[in-house]
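Okay, so subunit A shows up in both of these, paired with subunit B first and subunit C after.
Now for the complex of A and B:
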């Protein structure tokens, strides 16, 4: 075996090893080591300053009894349940409209894409003002239309949906562009033969466009799920997790445990468990959406 | 008539995307009491809020930090990404597919699992509160290697053979022959890397505590959250505007590249 490997290496372009070396070093330091170290951390109690203390499975015991953490996961799920359908519907509608023969398509596309490139911090500070109860632009518009004000970020049952709406506004541009690429890859003859059979515009949309966009759909769902699970800066800036923990996201909770309370071992356990959930959810989504 | 509705819907949608930005810029120029209004114009426009921001936080220093960090990261990602991408696409060596497998594997690991151990690593290296913690962990990315590899696979072997006969070694082939014909992928990797690095807040919040070393989004976040803004809406919006302007300016000139880069990385990622 060893001789075989030696033989293989002898025949190789040896400079290949040298050129791959930067990646291998970075992998060892910033992926392999942290991964390995997280396995050690989850069995310890540690605040970085004093020595580590072995606690066995206590971190996991604590996790499964941690009401706040499960609240945070629940909040993150609420975010996803509102965010993903909203994102898909708006992105798809606008992409279909932009896919017609229209003037200024590039301009519109650039406008919808703008929030994607701007920092989430800017978007959050801006929307915090738009959502303000007394003086916010949204409530001013509602009042002028003769409608009652909405307590966007002041009411526990409104706060997370409000953040989900803002996140949709920020990200939808990217998904419009992805759907546009998908739409342009649908062969024209499908629509032409459907027209010959007398299909209505709605039938063409439902039986040709939607099924043809399946792979884009998978991508959109998975990308926004991963994005949603990483939700951090929006609640951090806008609400600090409140009111009454209603916008406490899992990432915000992990951050607080590690850097506010100094519970490194426990935070690592939360991160480990949470990453595991993300992995499973994305895997299931892939299976389910691809089968449809 | 149908056309009319089409343009009407798109225009209304367009306004909901542009108006908030215009409102933010206008509000940052208005005096505090006029901020809670829908209009974009005021007779009392002034730079008072900006003066307040500059006075309270080292925003120019933060702009420099962000530019410096993001530039270093971007240059490094393009440099190393193309080197490793070249090795994995144009050279034959034992273990190549293993390395490729490792790269694909690292892309499915959620960052939540490595975040805390990475912080501890930075503490042990003594890199907390230095530029090193912001730059070094981001110097090579799996995604850039894969994009470069994908692009290099399509380059004809004849070109490389010809260069080799002329006595070029692999590094000269990469930088002299391949780089000049790889502008699209270099631009894509460059834009994505720069933007990701520029907009990142979570990692700087974790490893930088010294105000002088903070990146711009981090400093603005702390200004907004940490009470330094003292509930002065104008100052918060002015800080947010200062943070938005550099990237919007770049976007205004290169929007096509931004959109295409993000679309390709989304599709391939």
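Now for the complex of A and C:
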């Protein structure tokens, strides 16, 4: 057997291994090693400076009794429930508009994509100022219109929707591009045939555009689900997880456990558990959306 | 071809390895062979002070030169020091040690026990009061930190706003503070907006925010107690409840806004008071408008409280790290950093209060307090300060208190009694988990 492997290696083209070496090294350093090390950490207590201590399944016991972590998962799900439909509707509507022959089409496409490339921290600080209760532009406009101020990020029931609106504004450009690609791949003859049959604009949109975008829709839903599950910068910068833990996302909670409180083992346990949840959710989504 | 590949690969590996080892060699050469490395805080004033003191030391002790470095940039000094202990790259001595993080440093075996030096007690007790020194004692009975400076947390107030509202400082009790707030938080110019708030605190539930509202008020209301006694929770008491209720009333009556302000609202004269330490004096002198008038008063106390007014001292101390090759020299240098001359320069350059007895009557400091009378308030308060407990998981404990504070005080979702009880229970669970 060993001789066979040696023979195989001797016969193979070494230059191929050399060429793939940079990827293999980076994969080993930044993916395989951290993943393997995190798995070991699951069964240990470690605060970086003192030696690791074997705790068996104690981290799992803590996880299943940790009300705050489940609150963080609940918050993340709330965010996804608001964010994904909002994102799909806006991205689709804007993509359809930008697919028409309108003036300055290129300019608008660039403008909508701009927030995607701007740093999340910068955007969050900007929106923090827009949302400020006393001095924010949004509340100043509301006051001038004679409407009451909205506690955008100061009220537990408003804070997560406010963050979802901001995240939608930031990410919608990416999904507009994806939908535009999908729209441009829909054969024109379908619309021409529908027009001959007397279909209205709405009927064309609903019976041709939407079903034809099914594969793009699957991609958008999965990407925004994974993106939504990794919600971190926005609550970290804007609310710190408050008010009353209403914006504490699962990622923020894991970060706090690891880097604020030094519970590396517990954070690794939470991380694996959370990755498992994402895997299950994406699997279900893929089946449901694809079938439709 | 094969031969070339097998030749190239070891060469690349060798180049990488030698590059790494050369880097380490370079580092070792840069460090003085018989010297000490000293880390100070990175703010300009403390760096200036450290530079001056190191220069003077190096002139007097050329045999053990000190190399000065500022603490590497990070979210907090504690993070940097923990990373340095983990990586065994600590300096010999550091002067920005927060007592709240000492337990972790000691558990990691990173610090040198200072009371093993024969002159530790005599030198330190000449400078610091015995009860104050005791607050820095570790669980094992040893001392790993040299008391250096304290920044008593007090209340700054805007004299013009107080005058306009007809409020007479100082506001000694909670009810005086609340009735002053009632007069101040008004729409004086009739534009439909509140002109001034009584006080503002960041509403984000960040653990260290409590060091500037709940904690100094709790120390005051409890007559100088901290959160723990002999490693047991003691903060679930009436003092905590009173503090929660006071701040809850402030928010409920609209004297403190539930918002996030950008910029310094105290200097912008939108706040009548601000809870802060002496560093705010230097900040005001540098950035406040020319006609800005301010005063300083102690933390208000509950109406039924009798006794001295204590507060949080936000102490920063000096420690020597275990990996030092020159413990005696490091100890001598540490003593130089808390010498009378160094303390005088600490006041003059940084406007921070050294932990030293008889500060106001000591001839070395009289000129300073004469030139800056507002700093006298801090010097008077300094002996009545408390630090934080040297217990494990302190950040997590403050985080829990912060969450209960937010729920009860800011959003009024539960009565103070319940919030304090919940906090104590949660702290117990967390400590049990972390054991």
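Everything that follows uses one rule, which is that the second predicted complex is superposed on the first by the 281 of 292 C-alpha atoms of A that agree within 3 Å, B and C clash if a C-alpha of one lies under 4 Å from a C-alpha of the other, contacts with A are read in each partner's own complex, and residues count from 1 in each chain.
Here, a residue touches a chain if its C-beta (ideal position, glycine included) is under 8 Å from a C-beta of that chain, and two chains touch if they have at least 3 such contacts.
Source: prediction; values computed, not measured.
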Open item on the list: One more residue to check, A:239. First (subunit B), second (subunit C), both or neither?
Closed with: second
Open item on the list: Quick check for you: in the superposed arrangement, does A:47 touch first (subunit B), second (subunit C), both or neither?
Closed with: second
Task: Which superposed partner A:261 touches (first subunit B, second subunit C, both, neither) - done: second
TODO: Please work out whether A:27 is in contact with subunit B alone, subunit C alone, both, or neither, and reply first, second, both or neither.
DONE: first
TODO: Based on the superposed arrangement, let me know which partner A:14 touches: subunit B (first), subunit C (second), both, or neither?
DONE: both
TODO: Applying the touch criterion given at the start, work out whether A:164 contacts subunit B, subunit C, both or neither, answering first, second, both or neither.
DONE: neither
Open item on the list: After the superposition on A, what does A:132 contact: first (subunit B), second (subunit C), both or neither?
Closed with: both
Task: In the superposition, subunit B vs subunit C on subunit A residues touched - done: B
- [ ] Return first, second, both or neither, reflecting whether A:156 touches subunit B, subunit C, both chains, or no partner chain.
- [x] second
- [ ] Pick one for A:141: touches subunit B only (first), subunit C only (second), both, or neither.
- [x] first
Open item on the list: Just to be sure I follow: which residues of subunit A are touched by subunit B in one complex and then by subunit C in the other one?
Closed with: 14-15, 48, 129, 132, 134-135, 240
Open item on the list: List the residues on subunit B that touch subunit A in their complex, please.
Closed with: 6-7, 9-10, 13-14, 16-18, 20-21, 23-24, 27, 35-38, 80, 83-84, 86-88, 91-96, 99, 102-103, 106, 108-121, 123, 137, 139-140, 145, 169-170, 195, 198-199, 201-202, 205-206, 217, 220-221, 224-225, 233, 236-237, 239-241, 243-244, 247-248, 251, 255-256, 258-259, 262-263, 266-267, 269
Task: Residues of subunit A that touch subunit C when the two form their complex - done: 14-15, 18, 47-50, 62, 128-129, 132-135, 151, 153-154, 156, 239-245, 256, 260-263
TODO: Spell out the part of subunit A that touches subunit B in their complex, as residue ranges.
DONE: 5, 8-9, 11-17, 19-20, 22-24, 26-27, 29-31, 33-35, 37-38, 41, 48, 94, 97-98, 100, 102, 106, 108-122, 125-127, 129-130, 132, 134-137, 140-141, 169, 173-174, 177-178, 181, 219, 223, 226, 229-230, 232-233, 236-237, 240, 251, 254-255, 258-259, 264, 267-268, 271-272, 274-275, 278-279
Task: List of subunit C residues in touch with subunit A within their complex - done: 1-2, 5, 9, 82-83, 85-86, 104, 107-108, 110, 203-207, 257-262, 393, 395-396, 399, 403, 406-407, 410-411, 413, 433-434
